[in-house]
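Handing you a structure now.
A, B, C and D are the chain letters, set down in written order, and residue numbers restart from 1 in every chain.
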Amino acid sequence: MIKFEEIKKSLFVSLWFMFLTFPIMVIHVNPIDKIVNWRWDNLLFVGCGSFILSFFWRYFINRKKSGLRQSSPVISPLSNIMARLRNDPKLFRTLIAVLAFIAVAFPFTFSTYQVTIMTTVLLYIMLGLGLNIVVGLAGLLDLGYVAFYAVGAYSYALLNYHFGLSFWIALPVGAILGAFFGILLGFPVLRLRGDYLAIVTLGFGEIIRLILENWNDFSFGPSGISNISRPSLFGIEFSLKSSSIFLYFIIIILVLLTIFVVNRLQHSRIGRAWVALREDEIACQAMGIDKVKTKLAAFALGATWAGMAGVIFAAKTTFINPASFTFHESALILSIVVLGGMGSIPGVILGALILILMPEYLRAFSDYRMLLFGAIMVLMMVFRPQGIISDVRRTYELDNKGASG
Amino acid sequence: MEYFVQLFLGGLTRGSIYALIALGYTMVYGIVELINFAHGEIYMIGAFTALIIASVLGLYGFSEISIIILASIIAIIYSSAYGYTVEKIAYKPLRHAPRLSPLISAIGMSIFLQNYVLLAQTSDFLPFPSLIPEFEFMNPYSHIFSSAELVIFCTTAVAMTLLTIIIKFTKVGIAMRATAQDRTMAMLSGVNVNKIISTTFVIGSSLAAVGGLLIASHIGQINFYIGFIVGIKAFTAAVLGGIGSIPGAVLGGFILGWTESFATGYISSDYEDVFAFALLVLILIFRPAGIMGKSRVQKV
Amino acid sequence: MNKILETINLTMDFGGLRAIDGLDLHVNEGEIVALIGPNGAGKTTFFNCITGISPPTKGEIFLTTRRKDRDKIDGLKPNYITKKGMARTFQNIRLFPNMTALENIMVGQHCRTSSRLIGAIFRNAFTVNEEKLVVENSFHILNRFGLGPYTNEYAKNLPYGAQKRLEIARAMATRPFLLLLDEPAAGLNNRETAELNVMIKSIRDEDKVSILLIEHDMKLVMSISDRIVVLNYGRKIADASPEDIKSDPAVITAYLGEEFVA
Amino acid sequence: MLKIRNINSYYGNIHALKGISLDISEGEIITLIGANGAGKSTTLMSISGIVPPDSGDILYMGNPIHSMSPDKIVSLGISQVPEGRRIFPDLTVMENLHMGAFPRTNKSQVSNDINYVFDLFPILTKRRNQPGGTLSGGEQQMLAISRALMARPRLLLLDEPSLGLAPIIVRQIFDIIKKINSEHNTTIFLVEQNANLALHVAHRGYVMETGKIVMEDSADNLLSNDDVKKAYLGL
C-alpha cells in the first residue's frame, strides 16, 4: 500500500519538474516568424512521468541503501546465468557452438543492410573491449579514446590515398600508430590523478579532432577523405555485397582475437597488476609494481585496439571526416563499457549490442539515443555501478597441475 | 600597439566570462572534490531560458529594459534550479562511491542535458538579442573596447565582489569553507552539509547563468552545444589558477582569455580552441596544482 | 651484528610541521624491533618515509640486502624499495578489495616474477611455468597463514582478523628480508593477538625475516621485541631492551604520563 | 542523560561495535578507555550521528537520537571534540569559533561566549586572526575544545584530547576539562588511550576491547584493577 506521505513527495517532485522544464519543454519560439508555440501537452508528460519515476527512484535508492547495510549482494539474474556458464563447461561449449553457427550463418541469411549493422556492432565491441582494458581493468578514465580511433582511421585513409597502401598493411600500421600515440600521450599524463587524467585525455581528443578539422593540407579538413579502398583478399576485389560480408568476417575474427587477448591478459601477471592498481594505488606500489609502466601498458594496449578499429572503420565506410571522431563517440564507447559492466568481457559485448542495436531497430529511440546514453551513464552509476554483468574474479583450485578454471 | 591593446582588452573580457563560469567549477570542486561536468550545460540552459523568455516578452510588447531585467532574473533562477536538481540526482547518491563513479555520472548528465535541449528546442544556432545597449560615452573608444565589453567586465567585477563578500563574511560562506576543509568536522559543528553543498551548486550555477547571458549576447547566437566547449575552457581556467581556489579561478580566467586573444590575434584564428586545450594539457602535466592551488598530502 | 636498515639524521617536514626530527634508527639482522610512542609521534610517517611513499626532507636511509649490498634507498620509488626486500602492511588495511584472497597474494609476488605482456598473450612455456609456480606458492602462503578457507573469497568479504592476516601474508609474498608492520594488533581480540604473537615469531625464526613493528598493545610489544625504540615528537627518546624501557624515566614521562604515575 | 542500548555498527564487513551499552548521567565525567582500534571513536561518532548504528538505540534525555542527522544532534546540545582535533586549517581562530556556534542565532550571546573561551584559554586571544592550521598542537587542542564549547553543549564528547601533546599541556587541558565540568555542570564523555590520565579525572569508566565493553566500574576501582593495570597502564 502506497502511503499518503509517498504520494505527497512524488507530487512535489512532479511539480518541481514541471516548473523546471517549463521554459524549455513548453515554450518554443520561432524568432524569424515571431510565433510562440505553447506545447502544454509536454507539461502533462513531464508531470506524469516524473510523478511515476519518483516512486521508482525512491524505491531503488532505498533498496540500494538497505543492500549496503546488510551487505547482501544483489545478484541480477544475468550474473547468475553467467556464473552457471562458468561452472558448467558443457553448457558453455554448447552456447559457443550455437553462437558460432549464428555468426557464420548471419551474413548469408540476412540482407546487406543487416550485415552492415552487425559489422558496426562488432566494431563497437572491439572498441569497447579496448577501452575496457583502460577503464575497466586499470581504472583509468580515458575520455579521449576516440583520438586513437581517429589516428587509426586517418592513417589508413592517408596511406591509402597517397601511397595506395592496402588494408592488410594498414591494419598493423594503424595498431602501431595507435600504440605510439598512446605512449606519447600516456607518458606525461599518467602521473595525474583520476579525474585530471580524464580531462587531459578529453582535451587531447579534442585537439586531435580540431587539428584534423583545420589542417587542410594534411587531412583535407572537414570535407574528409573519400574513396578509401575496401579490403581485398589476395588481390581479389569484391562486389559491394560480398565485400561487406568479407568485412563482416574480418571483424568477427578480430573481435575473437580481441576477446582472446583480453581474456588471457585479464588473469595474467600484468592483468592482476592493472586490477590491483585500480583497487589501491599505494598498496599496489608497496607490492613492488611500477605504477607508471603498468598504466602505460594498459593505455598503449587500449590505444592499439582503437587504432585497429579505426582502420576497419575507414575500410568499412570508405569515407571519413573529423565529424566521426567527436567527444560523443568517446562517450558512446564509454557508455558501452559502463552499461555492460566495467572489466567484464560478456558485459561489454552485451553493452554494445544494446546501445548500437536499439537505436537501429527502434526508430523511436534513434532520436533519443544520446539522451538515453546520458541517462544510462547517470542511472548506472547511481544504481548499479558494476554494470549489467559484473566482473567476477577467477577462482583457483589447488591440484597437481596447478591452475585450472 | 593599438592592436595589442585591443587584443589585451578583448582577452580581459573573454577572461572575465571564463572566470565567472570557472568559479562554479572551483567552488564545487572545493567542496565535493568533483568535476561538475554538467556545469557548462547549466550555463547553456541559462542562455536558452533567457532567449525564450526574452522572445516571449518581446512578442507581448514589453519594453526593452524590462525584458533585459526579467529575462536575466528568470535565467538565473532557472540555472540555479537546474544546478540544484543535477546535484540531487547525479551526485548526491554517489557521495561515498569510488571517485570515477560521480565523474561518469557527471558526463552522463552533461550529455543528457545537451540532448534534452536539442530535442525540446532545436539543433540550429539561434540569434541571441544583444542585451547590452551601446553607450554614447564609449563611442570614441569603440574600436578598441566596446560598450558590451565594458558591461561584461563591470558585471563580472560586481559578481566577483559579491561572491567574495558572501564567502568571506557571511555565516553560510564560512560554513562553505569549513565544509570544503573538513566535511565531518563541519557536521560535528552542526552544519547541515547537504544544504551547504546545495547552496554551493546554486551559487555556482547562478554565476554561470550570468556568464552565459553575457557571452551569448556578446557573440549573438547560441545552440545546445555552447556549454560543452565553454565549459571545458572555464574548467581549464579553474585548473590553471588552482582548482578549489577562488582568486585562482579569476586569475586563470584572465590568463586563458589573454592566451586565446593573443594567440588568435597574432598566430591563427583557426586553432582558437586548440590553444585552450593545449594550455589545459600543459598545465595539468607540469603544474597540476595550478598557480594558486595547494598540493594536498595524501593520507596513508 | 649486521644493520640491515639504517637511517641517518632522517627528517620529514609536513607543511611547516616537523613530523620526524633527525632520527637515527637501525634494525639488525634477525631482530624484532618495536617502534612505540604516543599517537602522532611520527611512527607511521617514519614508515611512509622509509618505504618511499613520502620521501624524506633530509637524511639518508640504507638497506643491506641478504647479499650484503648496502644500498642507499632514500628517494627511490616504493616499488623499487619493495623489490630490494622491505615489505610493509598498513595501519588502515589496504587490501585489493575486489580481488580474491589468493589473487592478493599473487599480486604480492609481482616483483619476484617477470613474465610480460607478450608472454601473457601467447602463453609461452616460461609464462605458463611461472604462473603455475605463483599459484602454488600462493596456496602455500595462504595455508601457512591460516587463510586457506578464504582462498577464493573477495578480500573485502573477509572478517577483520583475516584481512589483517592477509595483509601480512601479502607482504610476505614479496619475499622480504625486512617486514614492517603498522599496528598489526589493532582491533584484534586477545586470542587473535596471541596468535599474532606466534605468527610474528615464526616469521622471524622460520622465514629469517627481521621485523620492525609499530604497536600500541604493550603486552604484545613487551613479550615479542628484542629492542624497543620510543619516539616522541619525531625524536627518538629511548632505544633499549623491553626491561630497560619499562623503567626509563623519559619514556614514562612521554608515553605513560608521568604526573599520575605515583 | 544518555543511554546507549546494545548498538551495533559495521564498516563494510567489519563489525566495529558489538552490542555496546552504556549510561551517562548528568554532571558526570565518564571515560571510555581501550587500545587503538577497539571502537572507541566509532562509539563517539555513533552518538554524534556521523556513523549511525545499524541496530540498537541511543537515547538522549529519553528521546531516540540514533537516526537523527549530525547537525540536529549538535543543536540538541551534544558537541564533540574529535580525535586529531580537526581544526579547520584555513579558517582563522575566530572563524573556527564561529563555526562552533553555527547552530546559534543570538549574536550577543555568541560574542559573550567567545570572551568566555578566551578567558579559559588566553593564548587564543593572541592568535584570534591566525589561520587554525598555523597553531601548535596544544593551541589547536584548546581551540578544538573552545569550538565545541561555543555550541553551549550539555554533553561534551572528547576524543583523545591528550593525543600527541606534551605532558605539561596535557595537564593544563585536563584541568580545564575538570573546570568545565564543575563550573557549568557540563557532562563529559572522555575517550582516552592514556588510561592513567583519564581515570584520574573521571568519576566512572568503561573499558573497551575489540568492539565490546568488557568492564565498567568507578574510576578508582578501575585504577586499582590488576587487569587494567597490566593492559592499559603499562605497569
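Keep this in mind: a contact is a pair of C-beta atoms (placed from the backbone, for glycine too) under 8 Å apart; a residue touches a chain by one contact, two chains touch by 3 or more.
Everything numeric in this text was worked out from a predicted model, so none of it was measured.
Minimum number of contact steps separating subunit A from subunit B: 1. Compared with subunit A, the chain whose C-alpha mean position is the greatest distance off is D. Between the CA-based centres of subunit B and subunit D the separation comes to 42 Å, rounded to the whole angstrom. Mean C-alpha positions place subunit B and subunit C at a centre distance of 48 Å. Annotation: 41 Å between the Cα-based centres of subunit A and subunit C. Here the spacing of subunit C and subunit D, counted between their Cα centres, is 32 Å. With touch defined as above, residues shared between interfaces to two or more other chains in subunit A number as follows: 282. Counting only residues that touch two or more partner chains, subunit D has 12-13.
Shared interface positions of subunit B, i.e. residues touching 2 or more other chains, are given as 300. Only residues 51-53, 77-80, 82-83, 87-88, 90, 94-100, 102-103, 106-108, 110-113, 115-117, 119-121, 123, 127, 130-136, 138-139, 151-152, 154, 170-171, 174 of subunit C touch subunit A when the two sit together in their complex.
Interface residues of subunit D facing subunit C in the complex, by the touch rule stated above, are 12-15, 35-39, 84, 133-134, 137, 160, 162-164, 166-167, 170-171, 193-194, 196-197, 200, 209-210, 230-231, 233-235. Taken together, the subunit D residues at the contact with subunit B in this complex read 48-50, 69-71, 74-75, 79-80, 82, 86, 88-91, 95, 98-100, 102-103, 147, 151. Those residues of subunit A whose C-beta lies close enough to touch subunit C in the complex are 261, 264-265, 268-273, 275-276, 279-280, 282-291, 297, 301, 391, 393, 395-396, 398, 401-403. Note for the complex: subunit B touches subunit A at residues 34-35, 45, 48-49, 51-53, 55-56, 59, 74, 78, 81-82, 85, 89-90, 93-94, 97-105, 107-121, 126-127, 228, 232, 235-236, 239, 270-271, 273-274, 277-278, 280-281, 284-285, 288, 298, 300.
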